[in-house]
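Same chain, two partners: chain A is paired with chain B first, then with chain C.
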Partner chain A sequence: MRRCAPLALLLAVLVVVAFPFYWMLLSSFTPREVLFKPPYKLFRLDLSLANYRELLFATEFLTYLRNSLIAAAGAIVLNVIAATLAGYGLTRFAFPGKKGFAFGTLFSYMFPPILMVIPLYILFSALQMRNSYLGLILAHMAISLPLNIWLMWQYFQIVPVSLEEAAWTSGAGRLAALRQVCLPSARPGILSVAIFSFALSWNDFTFAFILQTDRKMFTLPVGLATFVEQTGVHWGMVMAAAVLVSVPTFLLVFFLQRYLLSGLRTAG
Partner chain B sequence: MSATSERRAWILGTTAPALVFLLVIAYLPIGYAVALSFFKKTAFNPAMTWVGLDNYRYIFNEPELWHAFGRSVVFTAGSVGLQLVIGLGSALLLNRAFAGSTVVRSLFVLPYLVPSIVVALVFQWLLSQEYGVINQLLMQTGAVSHPVNFFGGLGTAMWAVIGMAGWQYGSFATLLILARLQSINPKLYEAAAVSGAGPWRAFLDVTLPALRTTLIVIALLRGIWMFNKFDSIWLVTHGGPLKATETLPLYAYRLAFEEFDFGLAAAACAVMFVVLLAGAFLYFKLFDPTREIEVGR
Partner chain C sequence: MAFKVRLEGVQKTFGRGTRAVLAVRDLSLEIGEREFFTFVGPSGCGKTTTLRMIAGLETPTAGRIWFGDTDVTALPPQQRDIAMVFQDIALFPYMTVRQNIGYPLRIAGLPKAQVEAKVEKVAATLGLTDKLTQKPGQLSGGQQQRVAIGRALIREPKVLLMDEPLSALDARLRVEMRTEILRLHREISSTIIYVTHDQVEAMTMSTRVAVMDQGRALQVAPPRELFARPADVTVATFIGTPAMNIIPATVVETASGLAIELLGRQTPVAPRHHSALQGLKRVDVGIRPQALRLIPAGPDRPAGRVFLREPLGLEDEMLVEVTDGTRVKVVATATEEFPEGAQVGLAFRPSDLYLFVAESKGTICCGID
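Now for the complex of A and B:
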């Protein structure tokens, strides 16, 4: 009895955590005609792909997807460049002001999107950068770059300098040593920067919602939010959209289980 | 090129991009928002007029600001409290080896990692008054006699939003607490058992003291983030019904984009910024996270 209680509790918590995902999946495969007819069965086998078909061919889903992917790709490239360079410079050279830099980086990590987006809206309006990819990419960098700098700063600390020094003595310049020795050993750090940049850009609602007012420039979260604004919400299709937007997260967790659980720190 | 100037070029070349980005896209907007709070600026008029403290005077005299502030406090305290309870509870349950524990642990990470829009849509569907499966279950078990309008009811909206945020962000706490639990030296528990302590005593004397710092960090960081949360709340209620869930961020949004007064919105943002400053000050003062990197080299 004493041994069973935690197990039963664990099962209960597991149901609470998993049920929303289960219901999302099940609803997404349930045809419209049956979805709205209570009583709902918790298990059913009469599944169909109709909701997905409708989502892909009768809505702007693919436009939103393209916009989300472009914004994420831009955020990944700029973040990887800026954070990797900074991590290298901050660990390989002695210069004053590092403590201040560390503080400034961590402090900006706490800035919430809503505080940055109203001024950005005004600035981007003046610069004609609203409804542009560049504007959105820069806004997404504002939330991911601080932690990325931090990650690379910490990561380069454990990439031993001795490797580079060996390359220098064999005649390679600093740039060659950086490219051939340092960057390859920093690859796992760079990968986590890329993943983190992707995740924050992909998940962002606040920036895209306020900066991208042109329907053609909506990202997935903003586009999906409009699906439930109308009356007579097509919930089966909305759940299909939710499933597709979650796919990167599912893949990430599936492939990076060990890594994620060993120490994950992200904002939100 | 001499050695020193080459060194200088390297330092500048590697750190300048990150520094410029941080200054231009993070610090400049925050500074601009604070500056804007001293000006009259509307969406329709490009001109800015200096008005000193007028914006502050105006919003401080509005009961709406104080109501929004109060709701932010309720939402923050409620959702962070819930996250700590969920996090501590599930971390304790997960902190044991069992068949499939890796899979189960990964499952627990999902709510935190899926986009907020997904959580918002799924909860709206689960809790829908007309078609929601939760209402059906509640009716079948006889817990309620009429379907509950969770996100649309005056008395329920705030609690529904808090519950959703607890579900979504609880796993952040679970992860951090689980990591800390696994680093506790098992000898401490052996020692507690030897001196006759039961499980409850061992929890109070060994587990809780070890978790103290982690719990405070979570409460502080999550507190700062929940106080400034916009997307989750906006997506499910738009601040309604009748402003029942209009926290400070949604209030600032309404001033800027529904009443088109950027000056007033900036003043509301400045109020949030002061709260953020206080939280950040505590965090840096208590934990000095900059220790994690070496600056001496």
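Now for the complex of A and C:
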């Protein structure tokens, strides 16, 4: 009995949390004609792929998907490189202004995207970087990089310096020691950075909406919003799109949650 | 192949301005070829900093470091032909034992087959052959330290630096590894420079020892000499267990010359030491607990009461409170004689007394006979 109580609670929470996802999934497989026709059933077997077919072939979903993937991949790569090097530098070298840099990093993380996007719009207009992948990636990094630097900074603090010193006294140069000894030990931190960068970029609406005015450059969140405005609301298709958008996130978290947790534990 | 390591007025300051800490001050010494040289001292005495400067992991604030005829002061560790064993062992956790030991050779770009052969050989020397495919995390502390030593040895460095390599191990393993390291020193051609806070390690393994305190080398000498002729009170009390008793005493003039008044008794000083005692009234007398003998209390002997008696097996360590309140440590054969509370007399030979200047703590003479 005592064992059942927490289980029941977990189950209740699971139902509350999982139901929207279930409903999204179910709606996405429900044909347009059936979706709003009573009776509304919790379970149905007359599933169809019509919504998905329409989404993939009648809309620009694939363009949006490609844009989102490019932006996310770019954000991941650049964030990992910059945050790793910054974290390494901050833990391994003494330089004036280090404390100020630390606070600056945290401080800049406090700006909400909406506060930064207007200046960025003006800046990128002048640089002709609106409607470019690089511009969007840089904008995403403006939000994610500070936390990533902070994360890697904390992470490198728990990688013992003596490991590198052992490599140096074995004849390895600084870069070789960093690559062969330091980075493998910091791998969970690097994965956290990658995941966080992906999540931020993948979910971003504000930057993409304002900086990417060309339809060809829309990312998924922005593209999805246009579905709502255009044709009335085709809920079945919107749900299908939502399913496809959440799949990568779901897979990522599912397979990497172990690293994600250990990374955040260190930083916290 | 090997060469001399020479420190020349080496100094190291950490921090700046008012918060600057002088870790090593004006250290000059020479370490000979194939020597087993040990820096020993309490924590914070600068011994590890000195070793790290020899390794190239720290840069001296002043002074020069020479390897033979080469000035290595500004050279990074990679260019010094050294290898180092670290206090926290510092094995690469993601590599197997084989990869760990072979790392220095792989870095040097040796062909794979050659690395493999060398790894097998080193592993055999250290009894690690059946552990080669394991990760460091699967090994015991002693095995891990052997892997670390293997990684240091494989390149056959001219100088092998060891920073408290045994402090992470338990007592029994420490004794075992001590023998192992000594055996290695005989087999390899490297100079070993060793750092420890454990004077027993220093005494048992080294050809020469530098006793350090507050950034200075108080004395650099072979172990036996450190024990027999310590340069000052600090060295005298640091070397030997239990620590040497230091008892304040006065120099008195008697009909037959100078004498030391110690524990309520006068002990004559041989004439050859008179000049060194010239003008001194108060001195500190050092006597090792093993040099004191317990005898039945008598009227003309320094007398006291057994305050504490700790059986250690073959010997008992005891604290004797002398009539004037001074407490001295005595190591005596384990007997039922003189239990706690008993009145005893203390006997010693004049040759076992060390005299130190009361203020400067420098040694005046070792033995007053």
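Following the convention adopted for this analysis, the second predicted complex is superposed on the first by the 237 of 268 C-alpha atoms of A that agree within 3 Å, B and C clash if a C-alpha of one lies under 4 Å from a C-alpha of the other, contacts with A are read in each partner's own complex, and residues count from 1 in each chain.
Throughout what follows, a residue touches a chain if its C-beta (ideal position, glycine included) is under 8 Å from a C-beta of that chain, and two chains touch if they have at least 3 such contacts.
What you see is a predicted model; the values in this text were computed from it and never measured.
Enquirer: Quick check on the superposition: with chain A as the shared anchor, is it clash or fit for chain B versus chain C?
Expert: The answer is fit.
Enquirer: Which holds for A:Ile70: it touches chain B only (first), chain C only (second), both, or neither?
Expert: In the superposition, A:Ile70 contacts neither chain B nor chain C.
Enquirer: Touching A:Leu252, do we find chain B (first), chain C (second), both, or neither?
Expert: first
Enquirer: For chain A, which side has the bigger count of touched residues, chain B or chain C?
Expert: If we count touched residues of chain A for both partners, the winner is B.
Enquirer: Counting only touches as set out at the top, which of chain B and chain C does A:Leu85 meet: first, second, both, neither?
Expert: In the superposition, A:Leu85 touches chain B alone.
Enquirer: Counting only touches as set out at the top, which of chain B and chain C does A:Val238 meet: first, second, both, neither?
Expert: The first partner, chain B, only.
Enquirer: According to the stated criteria, A:Phe103 is in contact with first (chain B), second (chain C), both, or neither; which is it?
Expert: first
Enquirer: One more residue to check, A:Tyr40. First (chain B), second (chain C), both or neither?
Expert: first
Enquirer: Which partner does A:Val181 reach: the first (chain B), the second (chain C), both, or neither?
Expert: Second partner only.
Enquirer: How far apart, in Å, are the nearest Cα atoms of chain B and chain C after the overlay?
Expert: It comes out at 6 Å between the closest C-alpha atoms.
Enquirer: Can you give me the overlap between the chain B contact set and the chain C contact set on chain A?
Expert: none
Enquirer: Which residues of chain B touch chain A once you look at their complex with the stated criterion?
Expert: 7, 10-11, 13-15, 17-19, 21-22, 25-30, 32-33, 36, 41, 46, 89-90, 93-94, 96, 102, 104-126, 128, 131, 133, 136, 140, 167, 169, 171-172, 175, 178-179, 221, 224-225, 228-231, 234-235, 249, 252-253, 256-257, 262, 265-266, 269, 272-273, 276, 279-280, 283-284, 289-290, 292-297
Enquirer: What does chain A use to touch chain B in their complex?
Expert: Going by the criterion above, the answer is residues 6, 9-10, 13-14, 16-18, 20-21, 23-24, 27, 35-36, 38-40, 42, 78, 81-83, 85-86, 88-95, 98-99, 101-108, 110-123, 126, 138-139, 141-142, 145-146, 149-150, 153-154, 157, 174, 199, 202-203, 205-206, 209-210, 220-221, 224-225, 227-228, 235, 238-239, 241-242, 245-246, 249-250, 252-254, 257-258, 260-264, 267-268.
Enquirer: Hey, which residues of chain A end up touching chain C in the complex?
Expert: 160, 162-163, 165-173, 176, 180-181, 184-185
Enquirer: What part of chain C is in contact with chain A in the complex they form?
Expert: 55-57, 76-78, 82-84, 86-88, 90-94, 103-104, 107-108, 148, 151-152, 155, 161
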